[in-house]
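Pasting a structure below so you can have a look.
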Amino acid sequence: MTKPLRIGMIGYGFMGRTHTNGYKRVGDFFPELEYRPVLQAACARSEDKIQAFADQWGYASIETDWRKLIARDDIDAVDICVPNNLHKEMAIAAAEAGKMILCEKPLALNSAEGEEMCAAVEKAGVPNTVWYNYRRVPAVTLAKHIVDSGKLGRIFHYRANFLQDWTINAELPQGGAGLWRLDAAAAGSGVTGDLLAHCIDTALWLNGSISNVTAMTETFIKERVHTETGQKQKVSIDDACAFMCHFANGSLGLFESTRYARGHKALYTLEINGEFASLRWDLHDLHRLEVFDYKDEPALRGWKSVHVTDNGGEHPYMDKWWVPGLQIGYEHTFVHQVADFLKSLEDGTPCSPTFRDALETQKVCDAVLASAQDHSWKNV
Amino acid sequence: MTKPLRIGMIGYGFMGRTHTNGYKRVGDFFPELEYRPVLQAACARSEDKIQAFADQWGYASIETDWRKLIARDDIDAVDICVPNNLHKEMAIAAAEAGKMILCEKPLALNSAEGEEMCAAVEKAGVPNTVWYNYRRVPAVTLAKHIVDSGKLGRIFHYRANFLQDWTINAELPQGGAGLWRLDAAAAGSGVTGDLLAHCIDTALWLNGSISNVTAMTETFIKERVHTETGQKQKVSIDDACAFMCHFANGSLGLFESTRYARGHKALYTLEINGEFASLRWDLHDLHRLEVFDYKDEPALRGWKSVHVTDNGGEHPYMDKWWVPGLQIGYEHTFVHQVADFLKSLEDGTPCSPTFRDALETQKVCDAVLASAQDHSWKNV
Amino acid sequence: MTKPLRIGMIGYGFMGRTHTNGYKRVGDFFPELEYRPVLQAACARSEDKIQAFADQWGYASIETDWRKLIARDDIDAVDICVPNNLHKEMAIAAAEAGKMILCEKPLALNSAEGEEMCAAVEKAGVPNTVWYNYRRVPAVTLAKHIVDSGKLGRIFHYRANFLQDWTINAELPQGGAGLWRLDAAAAGSGVTGDLLAHCIDTALWLNGSISNVTAMTETFIKERVHTETGQKQKVSIDDACAFMCHFANGSLGLFESTRYARGHKALYTLEINGEFASLRWDLHDLHRLEVFDYKDEPALRGWKSVHVTDNGGEHPYMDKWWVPGLQIGYEHTFVHQVADFLKSLEDGTPCSPTFRDALETQKVCDAVLASAQDHSWKNV
Amino acid sequence: MTKPLRIGMIGYGFMGRTHTNGYKRVGDFFPELEYRPVLQAACARSEDKIQAFADQWGYASIETDWRKLIARDDIDAVDICVPNNLHKEMAIAAAEAGKMILCEKPLALNSAEGEEMCAAVEKAGVPNTVWYNYRRVPAVTLAKHIVDSGKLGRIFHYRANFLQDWTINAELPQGGAGLWRLDAAAAGSGVTGDLLAHCIDTALWLNGSISNVTAMTETFIKERVHTETGQKQKVSIDDACAFMCHFANGSLGLFESTRYARGHKALYTLEINGEFASLRWDLHDLHRLEVFDYKDEPALRGWKSVHVTDNGGEHPYMDKWWVPGLQIGYEHTFVHQVADFLKSLEDGTPCSPTFRDALETQKVCDAVLASAQDHSWKNV
């Protein structure tokens, strides 16, 4: 007999779709789980839009005031899928109402907000997680297993990029649906919170904490029409951001992200170099992990492209899907996170990354933005 | 207001899962469609197994006798997901009962059976399709668009492989759940009907009809324990099959398939070489299409890896999914086929490949197997 | 104290250049060898052309009559770099004159000629070799070492392609300098002797003898202007050739070659699939060998790209060149063959492939062409 | 009638071999050049070693005192292939003696030395060049042509890495033959002068000058046995160095180099992202250039792998070598630089990079090392 987990979704954008898809599919592929998400209610200010969303995806009801959603007795968990500047208020209110929270990344506009949010969920004792979904790409989870096994030995280098090219066009406005990511008021930052936050989350998970950073940001297009005013306004977000850092384990880090790398749509790449082995991964072929093992037979050493599609139990999550050789895609990372969240409820354990875990990423982002501001190294 | 399409599913194996997933997801991603699949009933001889399948996936009822399923008034379409030797009888019965039919590939054990099936569906006038799902990989559909545009000019070569390695182990038995593909009685043939049939279907679609063939087959492991008898028995299927052919358009074809290519799990690759351009694709990275265009600037000619993930309308089906750079996977091909089937009902057009289309593939398979038998060229 | 090996070169075309470069460079990179090639004389009918060639490359003298060259006392070894229809007569004459012979591939127009040539060199007891240079790509030599080690276990499949696109243009004439490869009178065959012969030589070396074949050839452009007559004449060579075969070890072979594969310049690829491991190589990135090892840790199995540039003794020939990571190219294969030939003189051993080894390739080519002629399987 | 260019080579190590090979081969492949290098004399302190080198490579004479070499009347050009701390003195002496100079990179230990060297060659008016050989990889030269054509539009990003792994072993000593690169006294710096200098030279050439930098260096193995003392001594070089920078054209730069990236032997990669097109290259497959062109047909946009082997005049330098599809290697870059140097003598033009050009790289290296020292941004 399964138990329902009644979801209250706030938002209906790109992330609203990916999370909802996760809720809907998890039961088909993880039938052993005790809990089953139920699409209880979806919420947004625009009644028309949220009704259309609810109809398409099958939410049982709608709300246009998120406070009402949070107040409803028939909601167990609140999913926050709105611009970053709204996370804090909603999360704290949901915690105070005793709701579980699944919050879209980044956790908050900054770590001060994040601290308040952590305090709230911890005080309330409610299960909480942040949607840093790339941890649940099977190839990335496999990388984590390999790192944890000690196979790499001492770590020397970690590097990650997140390269896109969708804002090169100067005619693209800032603000509004889908484009609030270009508006600093809504997003807090540009690529730092949007893209680098993913890279940092994975890095902290795989390689431990970051001690200090020095960063550089750039805004290539200085002014864009704002959709709310119809006027050209200064663009305040970072179009590109790079930083160098030291990890606590003594390794060096190099991170870069931009929306001006012509030819790359969502090229999140990561590489970690250890004494005995190295790993590489990229999001454009997310079902592959590249591995170099120095302990291989010397004449046959090389980079190996592991097609992470084995359903025989060797590859994380893959026993839930199809047969060897058949790849899954981007959306499955959200199904996996839902599954892990449901499992954590069964087990009474936290579902990583929790708000507290995600706060660490926020602190690195803050240090990065501060360093870019005054051009000096910053401790995290 | 959407209309229900009540599905009666026969079978619950790997294909039962992929088809069912297609039915369940299509509404979320193709909300504009008039029809919506409803999981009305699932059927198999084993009551326990089919009940478990129905419970997991949400079928409203079960049957243990496929004739009863077909007879039910509340079933609009029958999906045949059982071993190949059962296709004919079920399909003909379903057609006679006036049901639409979605039949797993290959259409039949041979083209004689296939002819009967075509006659039955055509006499009954019921919509029908065969699950040659790789036509609906967006990269393959894009290849079709490019070929149809005439960009390639005169075609010289077509080659395709389907390489696997899962039966190298001599201890693997034949027969039984999941392993009926090694049993000639159930499967009709080995890799020819299982794997080459896919390659042939795509080839006929992209490059037109095949005139004649010469083939070679091999059974590397001569005897395997049969799960029904517990005894070692002669293996009658082809473990590997290769053939050369002439296409009607004057181009040469080369096809190979095996389950003994160590290192390849599901490496379906195809390449087509034309006078002005060439295309390549492989299933291990199914979201990419490689294109060589001789009309490019001479110094910059080269093979281009197109990441077929553009949601701006440039790439087939991709406007239904996520954002550029984010790949989909294997299972989506079935969602696409369901969507196209539903659309064909709206439009009153056939959904390719129909039984009649799939019969062409069957004829090539028959010629291949006959040629392998007597070592001579055969006309198709 | 080194000993001179005085070379008499017949021909000055593409192969004349690659061989000469091999002679000139071998001493710099293989200083331990006892013999050193000396560019004693170059020979061709056109005095102007051969003088220009001799001047550019540093041959000490020229001849315009190959019989005179062969007769000279100051020539130790004759290098035959002329169209295939001239090989037999020159080689037999050189053998009778007691000269060592380095003959460009294919050995002859057919195996009857090849038999005579073998008889001649064996009767004369002169060292002899045929320039199947791809055996000396370090990655291919490494493949040979791996196969010989038994690491692959039982072999199931061998496949090789040699794909080019340089004759698609119908305006290209046949005959004349550089284009005699399109003239059956000079070349004997088209891609079979020119390209497939390479694939066959490597295959026999790596995977043992071929028992029988069935082949298909095509001439896509039926008529071309002949440079000697200025008239359009029937093209008698094969523009494309594919064949299937059985190896004596029970494995299946599939070979294809064409000059009409748009986008491929010299894409010689080979793959061998064994029970425990598989290998792949291609000429477009000739410094890499791909290896799949089933005995790897299961979760980390994958195709490994070995950059065959290790100068630490792990990789064949590479200790002679630069440092790890720095690739060599096509021309080095000829330097290696010269080095091995010189070493064989020191050791008194044959330098593979000898005429006798190359005759085996010729026999397969003959069977391929005969099969293509009458559309039936042929024993080799 | 060709003119001799009599070379006096100082040094006999890895670079001594690559340069000498360049001198010896240039005439065979660039026969149209007026000048021909003559291996007049080789020089090193150890008589045995330099005699062996001269014997192997064919130098006509030896010297054990570089001042004597420079003083010889029969030397036209001096090639400096010794540790970096010796460049300045030799170069200035050679210039004063009126010799042309071909100096191994980096130009000097620092830009102060470099300035003196520039002053000396300019005062003497002697032709001079520095062996930043990667400019002459055909794919990199092609990249330069593309950038200069304006095809990329406004440049946003430039990134380059040079990753190696050969010093991970803590038992490797510092100092001595082949290992002076680990000894700060001889090398000046570690990876900065050795590897990043290459990346910077190419970057300045392709993307113009660098305005300011912030850098981070690390020495992972703190002590190594010094070959001169036999004692463990502090390692003073940088094992790894990364820096961020602004180019004068407004683009952002990111550079990294290390000898601790397990799995990479000589992975020099570069990428440049412009408004309309992007380019990528890496040294492990140096015969390929990757190109993304936004102006391609939208559905077919993608990264194109250009095999830079066209001998039809489309690809720089390739008309001198073999036929399309046949790759050249690392050593050819030196042949090309010799050819360009000889051509510059004919034309009376400078051969880039001159000492003055190389000084710009030195200035960036100085700023990088200074920034790493005090952790702040530095203007170049």
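All chains are identified by letter, namely A, B, C and D, in their written order; residue positions are counted from 1 within each chain.
Just so we're on the same page, a contact is a pair of C-beta atoms (placed from the backbone, for glycine too) under 8 Å apart; a residue touches a chain by one contact, two chains touch by 3 or more.
Just so you know, these numbers come straight off a predicted model, no measurement behind them.
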A-B or B-D, whichever has more C-beta pairs in contact: A-B
Of all other chains, the one whose Cα centre sits farthest from chain C: A
Rounded Å distance between chain B and chain C, as computed from the means of their C-alpha atoms: 42
Interchain centroid distance [CA atoms averaged], chain B/chain D, Å: 55
Centroid distance [mean C-alpha coordinates] between chain B and chain A, Å: 36
Chain B: positions in contact with at least two other chains: 264, 301, 303, 307
Sites on chain B touched by chain C in the complex: 156-157, 159, 163, 165, 168, 214, 216, 218, 220, 240, 242-244, 246, 250, 252, 254, 256, 258, 260-264, 273-278, 292, 294, 301, 303, 375-377
Partner chain C, residues of chain A touching it in the complex: 142, 145-146, 291, 293, 296, 298-307, 310, 312, 314-315
Touching residues (chain side chain C, partner chain D) in the complex: 14, 18, 21, 24-25, 27-28, 31, 55-58, 164, 166, 264-267, 283-288, 307, 309, 321-332
